[in-house]
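Both of the next two complexes hold chain A, though its partner changes from chain B to chain C.
What follows is the complex of A and B.
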């Protein structure tokens, strides 16, 4: 008897940022097709940056994302500094890491507890979860708020901050002002460590993939704002070699480009990649939290990304406290940057993974060309690969449960569809 | 469309005010005056007068809380034009501060490039 084709179809993926859909076709025990459709309208950022002044770019690219604006502000700023031969060091650099710690905290906590945890605990959303876990949700909201506070203090506001610029900041805080964050950060660190115990008890599917894990690496620190791009399959490049190493392709099902490694295929960016490359550089309490959660020095189970995010939240709180402790207010809030003709590169570790920028400007500082690659564009192929593998191994599950797990498989990546369409809905087609 | 909240991003307090007003069938209290009014209320030093920093505050609708001048930078107009803005006069002043034609055009062609007052002013600097 010929098997029928069955379809799993999710028309509008929930608990992801932006608009996408999933359609899976299955015949008998074989997956025929997986299509992650990204139907969010393209946003043309790279095109309308042309003709702008190089100093305007960070304020514009910030608007790519309301959750990770720092990745776009800072990547663009650093690319401009690269063109103009300027290095930002000392307290200004430390403040850039501090504001990024704030972004990691607010973004990770939002995803872990509001978007991802309900998948594991069997709730439709965080509001439903609140009935049984009121303290978990309340603590998460307060942790997120502390991340926002860091961004507001340093950036002027938590969404699309206004105080970051090419060369540094418009205004830097006095040490006393930063000190007002300390009590909240200490509470956040304790609560992040406590919440790791809850996350460790969640039910994790036994699922690992042989990913090409791509992350930034820096000799002296857990890379966030600076470093080389490395992978476990041989990539070790400076930012200017990015375009020789990675390629972007247009696929009909998606308004977001798919980024792949040239000559190979999918790559994975984000918490698993960062953690697996840079585990040794985590802060002491973050390492302890990882051990206590049963994580080794690498992690290839995408469902456990929630644990790795938890470790990174511990890290971010711990690092933020250290930065504030050691901070000395600089004389100038920014380094002066004079335009010069050329091409510059910037890349930082957005909460979801590396975020690459490349700009070419003329001698007056007018932008001639722009390229921005979001982490979700880099992860799309890996998400589809995970779905192929996960569905193939789990076709015995009832359809509702399989669909639930498919959505969870996508949410493992904390995809930011709006960023990538510059990107969800599940259709399972069982013929 | 019944009401427009300005800003990229919108202001949280204004969003709460709008929802609250709608739930209670009253007019939302969303000011249409310029950023300057709030800047004066906050007692901030005018960045344009004191430091010669070009600022779109005089023609931009209040609602952000005057964040940019509070951080010593000029407003870049993300809340869009205020009620009857005198954009021409402000552009002249920017000229006197040494801002060139292309940069004046760019300033009015930001996040609210197609709002009528800003669109007309940017077009005036096109030649």
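What follows is the complex of A and C.
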């Protein structure tokens, strides 16, 4: 007799940003299909950027995401600077890294403690977790707030900042203004290190994949705002070669494009990829935290992304303190940028992975063409692959446990479906 | 100086009825002046908890989409009941008003007197301006609260 087909249907993905669903078909001990359905409405940013002045673009792209606006602001700014032949260096560049540290802190901490940790500890959500771990959640909220403070001080406000522009900033802080962050950052660094001990004790499934890990790499720093795009399977390219290396395709089940490596298949971007390519460039305390957590110089267990995010939070606090200590206020808040015809490229490491921008402008600075690739689009195929492998190896689990693990597997990626909630309805149909 | 009452409006005025809470707070602040502190919020949980921490009398207004008739006024008392997630429109990663209230409760940080008003919206499309149903609800609540809050503020300033 033929095995019955089982369908795991998750209608609303929880604790992720945006609207998505999951459907898995299983026959006997074989997974027949995994479909991560993205039904978040399309947003048409690339289309309505056409015809806008190049200086307006960062303020528009910032609206793509409330959690990682800096990735969209800076990627667009850099692309415009690239086409116009401008380099941003010195203290303005340092401030860009600092504001990005703030974004990493607020985004990572929200995901680690409010959205992801409950998966490991067996709580329905962070509210339930708070009843047993009030201090952990309180500390997390305070760390997140410090990340937001950096964003507010440099960006003018914490969500969709308004003080960044092509060439730099509208206004830069005096050294003493940045100094007001120091005590909070020191507390954040201590608390992030303390938090690593809690994260290290979480139960991690024994699960690794042979990913193509794609991240930025820079000779002098843990790459965030500048670098080449590299992978462990041979990619080592300048940004302008991105479109020769990666491709995006429509899939019927998704309003988000799926990115693949040309001639191969899925890639993985984000904390695991960054860490595995750039471990040596972490700050000393971040390296120590990684060692103490039992991490080697690379990590391919997606469930341990929470640990790697923890390491990156330590890094971000430590780097932020160093930037503030060394900061000298520049004479001008921005480099002057005059438009010139051509195509420019920008890419930064958003909390969820590389975020690629390409724009073509005319000699008056009017945008003729725009392309933006979100990190979640780059990860969608890997998320499906993880689900496929994990479910195949764990079909013996009871239905509820398997559903829980499916959700956790998706949340390993901190997917942003809007750019990509706690109840997943699981329907297990046997036909 | 801190006013005796804190009004919090949550929403996005550029998504039509989602701005009902903001509009209501604007009108109450215009009428009550220094007697109330008024804060606009995008509804992010961590920020909301910061806003109401340490305050005694808090009124929060937000748009709601629960399936009730547009313009329906929902009156919620967090002191008496848990706030259900899912009705409030604004949140980041599903971490919004309901989660902020319940986290505050878990921390023992809920304001002593805390009233939440949800205004059932009709249109949440892009653009400004409330639907007639939301506008009526805002007018009704503004009239009701203007009176009772003025009396409350008067009493509390005498008491001080």
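Basically, the second predicted complex is superposed on the first by the 419 of 431 C-alpha atoms of A that agree within 3 Å, B and C clash if a C-alpha of one lies under 4 Å from a C-alpha of the other, contacts with A are read in each partner's own complex, and residues count from 1 in each chain.
In the analysis below, contacts are C-beta pairs under 8 Å (C-beta built on N, C-alpha and C of every residue); 3 or more make two chains touch, one makes a residue touch a chain.
What you are looking at is a predicted structure, and each value in this text was computed from that prediction instead of being measured.
A.B. asks: When the two structures are superposed on chain A, do chain B and chain C clash or fit side by side?
C.D. replies: Verdict on chain A: clash between chain B and chain C.
A.B. asks: Touch test for A:110: chain B only (first), chain C only (second), both, or neither?
C.D. replies: Second partner only, chain C.
A.B. asks: Quick one: is A:272 in contact with chain B, with chain C, with both, or with neither? Answer first, second, both or neither.
C.D. replies: neither
A.B. asks: After superposition on the shared chain, which partner residues are touched by A:138: those of chain B (first), chain C (second), both, or neither?
C.D. replies: A:138 sits against chain C, while chain B stays out of touch.
A.B. asks: Is A:171 in contact with chain B, with chain C, with both, or with neither (first, second, both, neither)?
C.D. replies: A:171 sits against chain B, while chain C stays out of touch.
A.B. asks: Could you tell me if A:127 is touching chain B, chain C, both of them or neither one (first, second, both, neither)?
C.D. replies: Second partner only, chain C.
A.B. asks: Which partner chains sit in contact with A:163 here, chain B, chain C, both or neither? Use first/second/both/neither.
C.D. replies: In the superposed model, A:163 contacts chain B only, not chain C.
A.B. asks: Decide which partner touches more residues of chain A, taking chain B and chain C as the two options.
C.D. replies: C
A.B. asks: For A:79, select first, second, both or neither according to whether it touches chain B, chain C, the two together, or no partner.
C.D. replies: Touch status of A:79: no partner.
A.B. asks: With the two complexes superposed on chain A, say which partner A:56 touches: chain B (first), chain C (second), both, or neither.
C.D. replies: first
A.B. asks: Does the superposition put A:66 against chain B (first), chain C (second), both, or neither?
C.D. replies: A:66 contacts both chain B and chain C.
A.B. asks: Which residues of chain A are in contact with chain B in one complex and with chain C in the other?
C.D. replies: 66, 159
A.B. asks: Looking at the complex, which residues from chain A come into contact with chain B?
C.D. replies: Against chain B, the touching part of chain A is residues 52-53, 56, 59, 63, 66, 156-157, 159-160, 162-163, 165, 170-171.
A.B. asks: Name, in rising order, each residue of chain A that touches chain C in their complex.
C.D. replies: Going by the criterion above, the answer is residues 14-17, 66-67, 110-111, 114-115, 125-127, 130-131, 134, 137-138, 141, 144-145, 148, 158-159, 421-422.
A.B. asks: Under the definition above, what is the set of chain C residues touching chain A in their complex?
C.D. replies: Residues of chain C touching chain A: 42, 44, 46-47, 49-50, 85-86, 92-95, 99, 102-103, 106-107.
A.B. asks: State the interface residues of chain B toward chain A in the complex, per the touch definition above.
C.D. replies: Of all residues in chain B, those touching chain A are 8-9, 64, 67-68, 70-73, 76, 78, 103, 106, 110-111.
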